[in-house]
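Two complexes come next, and they have one chain in common, chain A, joined by chain B in the first and chain C in the second.
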Partner chain A sequence: MSETTLGGIAGRMPKFIRRADPAVVTAFACIVVLLLVGSLYSRSFLSPEYLLQQLKVASFLGVIATGMMLVILLGQIDLSVPWSVATGAMMACAAAAYGPVGVALAIPFGILCGVAIGIVNGIGVAYLRIPSMIITLATNAVAQGLMVVYTGGFSPQDAATAAMRYLATGFTIPGVPNAVIIWALIGAAMVFVLTRTSFGRAVYGIGNRERAAYLSGIDTRRVVMIAFAVSGGLSAFGGVLLAGYASKAAQSMGDAYLLPSIAAVVLGGTSILGGRGSYLGTVAGVILITLLQSILSVMQMPEAGRQIIYGVVIVVMLLLYGRAPASR
Partner chain B sequence: MKEWRYWLAEQRGTLLAFGIFIVMFAIYSANHPAGFTANVVQTAANKGVLLAFVAMAQTLVVITAGIDLSVGMIFTLTNCMASWLVIGTGLETAFGVVAVLGTGVICGAVNGAIVIYGRLQPIVATIATGAVYFGLALLLRPVPGGSVNEDLADFLTGRFFGFVPASLMALFVVVLIVWVPFSRSELGRAAYAAGSSETAAYMSGVPIRRGKFLAYTLAGLLAAIGGLFLTFFTYTGEAAYASGNAYTLFSIAAVVLGGVSLFGGKGSAIGAIFGALAFRTIGDLLFVFDFDPLWQPLFQGVILLIAVSLGAFALFRVRNRLEWFL
Partner chain C sequence: MDGAAPLFRMEGISKRYGGVRALEKADLTVTAGSIHAILGENGAGKSTLIKVMAGVVAPDEGNMTLEGRDVTFASPAAANHAGIVCIFQELSLIPELSVADNIVISDPPKRFGMIDRKAQRRIAEEALARAGASDIHPLALVKDLPLSRRQMVEIAKALARKPRILILDEATSALTAADVAKIFGVLKRLREQGLALLYISHRMNEIAELADQCTVFRNGRNVASYAAGSKTDNEVVELMIGREYSHIFPPKPARPQAGTPVLEARDLSWSDRLDKISLSVAAGEVVGLGGLDGQGQRELLLAFFGVLRGLSGQILVDGKPVSIASPSTASDDRVGMALIPEDRKTEGLMLPMTVRENLSFAALDRLSKAGVIDRGAEQRLIDDMVGLLAIKTAGLDIPVGALSGGNQQKVVIAKWLMRQPRIILLNDPTRGIDVGTKQELYQLMRKLADAGAAILFYSTDYDELIGCCDRVLVLYDGAVKRELIGAEITERALIASALNIHGDDARAGQGESA
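Here is the complex of A and B:
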């Protein structure tokens, strides 16, 4: 991922600079600053092994943030990420308990559960016109309730299958972790969908003004619904990968991904009001957030300090370039 | 004639919430093994009042067409703070209470400043400040602990005259000295106007910025009162991420049940209080019917889902399909 993207950027530098979104440039500049700060702290910070390790950790967030970006481009938000992640992971591990067929279907089943959550969100937002912030909070609570009921009665199977572990930690190409390849593939698919398909154009159109998109003949409700289903599925897939990485699923594993996924998308220059933003920015946001977390943990900052710095950094960066225009 | 109909239309959400609460509480107390006794009422009141304070806080922000996803974390932070400060002699305790409430005001004001003067979206801004407040809470209480002035705690969680729950009286007093003056003041009306139509309010020369800022600030204060009462009930402080998040979530459910429009400009904190009490009672119904407590989160989630879906009924009144897209 890193080599190809960076090569592509270098080749088209003049055009890239001319057309660059200031937010994306700022995000990349912050990544460079973070790397420099980190290298002052520890020499191994710039070693290829460490950077590749960071990219691997970033890929979990990257997969989740991809879905979040699609929803934010519509001008909506998906707050059901925490329990979509956990549901995907727990259901995939649960399916593995049902013999060889279960093991084979574990990953699709986990993703499907996430898609189901996303479809409920989509129906609520697109067809019932409930504010996305509210309906996704509600489905998040329902998913949590379902998982609590599921785990409460007996001790369920929670070990990840070999396939999940392979996807998250294995190497198909020597030196490049599988998780990074998966993120690259999902990212490439996302870029293709957003820039080369009518669905992608419709997403930007709806984000700018849904009424106008509707009058142009777009079935806006179907597009919104599909976007939420994709977001739920990608969150669940992120959960499946995380379960493979940790080799087991846990209830609260998704809690740590809500704020970072929103922050990554917004720090990458995607407007929270929708209709504006590029996937390159989201990539920058994901790497930025992962590096920040990594530096804080290398400095052995306790959880409290991490939360504070994290919140402050996000507010400050948003104040720098994420402000809404003055209304008059 | 016309005036009372207008009043009825304005208070419909509040009256509906009141009705739901009365029905639910009747079912609850009728099936409670101990029946409708002062003890049952006191326990129910103490649990309900916590959510009622947080729901009032959420209402103030929702009225301005915003949302505060950090109320639960302000609640947690002030709980941790009270477990350090609200202790000792009368004077020390009083100082502690003032400090805790002051912290809430500052948290609310920070939210308001970032949203109004920083022009950030309330969702993202308050998720981020919520992380900061939770970090501070964790700093104060890495492990649960602390204590509180037990005389004051017992006084405010006990009963007056043997049957009136003190916590309900406290809630009533807070409504009288915070909500009533706010909703009748010029700035309170400005908050409503800003939520209803910010552009129109601005054109009419309404002080929308100050109104919204006051709403966010008072929301912080109300969440802090809730945190103070949590400390009185539990005698300890705990920085629990899950509990803070749950209160944020439930506050939104309570606000919706209480007839406050999430699009802003409509509803009252009184409605949200009844919404909160009703939500708590519904959640506790499982216990009187002897269900496994494991089902409670799912049950509450489903109620929340139904409550927010109720708003969709307005779609049946839409004549022009373009009105789908606000």
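Here is the complex of A and C:
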């Protein structure tokens, strides 16, 4: 009986006293180490231009990983990322072929196509109880098929619209690429959703114990559905930005984003089983992955060696902070 | 009592979790051939003590001796090897495997490197027989067994490891009376064979029947040791809670006049588990569900709460038929229902999430505007609830899994009270909870009823049904077999109707007229 009955004093402890998540700290520490290692190789790794360029490249992955994180927090996974990205890009470019209205609606249309894929995923997981690993893989294949049918097996001729190029490569604030601003805005929105809204709480609740969340009167199926729709939409938006960056859409443009988006989320300390993780960690994970890719390519490592190092580093880093303090 | 040399001794054992002292220089002496009961409220340090003994938790300080030699256990396997086997409160069986697989799981018999199925089955059968549960088929899957049978398997699994010291932590809390009697027979036989048994239970009558020696824990210390039977129940409870202990059950009000029933069921049936159940609960009434374990009580509560698909029959709230398709409809303001589920660890709480998040989880729609949580309102409501239920926690932002069992259960109840429900369904809410918290819950239940809530209360503990309920409906095989009102609720009547002895009694039937 010596424990004090809580009045709310302890509950209002300042936030900085709560311990920072060790995984997030580790991820940021790894970023610093990578930069230092890179700077031994070449001075330019610490130059502002290089760092800003990396941040810009990272923001495409960042937008995609944001949706992935939401799904992973639920304890699910979204493997339809590659063709959601491609569908978003290709459909946005395709819409631009239909006159000025098409140009104006290109970006929302591309995103909407991704949302549609996400909704199919969500229906499958939430209502039909199909494991997300299966249904998202299936929708990925279907999306791929649809895109191949649409293009007749060739890359679409339609180029990205000016608006898409502006979002991906332009500057609204001098010195800060628009893509970075977009990622920051999406990230801020996600932080708000996860920490301040009942939807965010429900996501964590479902990820921790779906049954308890359901018995608490949460409409768990709706939450899962929305999360997949958001993930699909953000993947497609990532695709739209990539198309703007490259000035055109390509079929295989999403392939390089599946593993990195999952790895970024997990390296950022989000539990692959769901229910635990912070957006700050995902930011760290995204930057970490981007830097790793960049440094390996700057070092002119042959492709095979790059893949091996890339995989090994992910495993090693996961081992590093899979080590939660022992419960003994 | 300490005529024989102690088999096992713990001295000055301390263990801290963060800032919380779970054990503070605790001592314990275990003698072979005796049953040693450990008493104390939840959070008193009993569970930590046996976790130290079983090698699950490493103590911060103190030493342990086994037959006079110093020992330390690096892992549960090391403790098992030394002959200390523990049956934990939380079940440790793997549901997808068979009973036999589970029993030999740590050390399966091998032949040419493969598991020897015949030998495995023989070992399992032997162990089940020793546990007095030879009616369980060794090849049955654990997931197909009801909770009480699983607990028997758990005991058989422990016996298969040939322990010298057997620890039972709340091992009977999920068992029916018949199973408990069997287990007691087994435990007494094991005592004669020279085993030392450590027995932890909240059921005083069990301890009185079984124990030779008792040790009471409070706040992480052993406050008293005495020979069983040398203290009255009241004295023991006072030692446990450290304060005067009076009427555990609050007084029942005079029989309330008939009002419109708030919750009503008509001919509720579901697969072969519920059979045309009709009942009604009025405002201010506590209606108990009795009967043996697994006679459809849990399904009935889940049916009301909208969890079961393919339900036939009608549910009425305030006299109007409603269709409750999910817990979210059940808990919305038109129905106002709350379910305190059976298993707080998997159904009631998200253990890794904070106390705060768990408390407000069921009331998020009320606490948020346009989906955004009003943190001021959340904090006020949480403060109210923490105060009302006297939840003991080191802070609102620690994982709820770090609280003691009783406080966890309070959080489950508080999270529903935040919605101010009019209909409260309780599924065995006092399982594995200490006496002090139980008493608080009984009083809370009556207070809620007095404030106008309709309460449907399932309990496996007959004393609770007798002490708390205005009426008790006894279920047998998915149907209401008997209704007991007021003074009719006695242990004898409950047991008789639970066993369906008066099955064709004139009073039997489903209807009632509150």
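Just a few scattered comments:
Convention: the second predicted complex is superposed on the first by the 299 of 328 C-alpha atoms of A that agree within 3 Å, B and C clash if a C-alpha of one lies under 4 Å from a C-alpha of the other, contacts with A are read in each partner's own complex, and residues count from 1 in each chain.
As a working rule, a contact is a pair of C-beta atoms (placed from the backbone, for glycine too) under 8 Å apart; a residue touches a chain by one contact, two chains touch by 3 or more.
Since the structure is predicted, the reported quantities are computational estimates derived from the model, not experimental observations.
When the two complexes are overlaid on their common chain A, residue A:Ser198 makes contact with chain C while staying clear of chain B. Using the contact criterion defined above for the overlaid structures, shared-chain residue A:Tyr166 touches neither chain B nor chain C, since it reaches no partner.
When both complexes are overlaid on chain A, the residue A:Ile77 reaches chain B alone and has no touch with chain C.
Touch criterion not met for A:Tyr50: it reaches neither chain B nor chain C.
By the document's definition of touching, of the two partners only chain B reaches A:Ile134; chain C does not. In the overlay built on the shared chain, the residue A:Val148 is in contact with chain B alone; chain C does not reach it. Using the contact criterion defined above for the overlaid structures, shared-chain residue A:Tyr214 touches chain B and also reaches chain C.
The larger set of touched chain A residues comes from B, when the choice is between chain B and chain C.
By the touch criterion defined above, A:Gly275 lies against chain C but remains apart from chain B after alignment on the C-alpha atoms of chain A.
Where the contact sets of chain A with chain B and with chain C meet, they give residues 211, 214-215, 328. Those residues of chain B lying in contact with chain A across their complex are 67, 114, 118-121, 123-125, 127-132, 134-139, 142, 198-199, 202, 241-242, 249, 252-253, 256, 262-263, 292, 294-302, 304-305, 307-309, 311-312, 315, 321-322, 324-325. Against chain A, the residues of chain C that register as touching in their complex are 20-21, 43, 56-58, 218-219, 241-242, 305, 307, 326-328, 330-332, 339, 341, 346-353, 356-357, 360-362, 364-365, 367-368, 371-373, 375, 379, 382-383, 386-387, 390-397, 415.
On the side of chain A, the complex with chain C involves touching residues 1-8, 10-11, 13, 18, 196-199, 201-202, 204-205, 208-209, 211-219, 275-276, 328. Every residue of chain A that touches chain B in the complex is listed here, in rising order: 77, 124, 128-131, 133-135, 137-146, 148-149, 152-153, 210-211, 214-215, 220, 252, 255, 258-259, 262-263, 266, 272-273, 302-312, 314-315, 318-319, 322-328.
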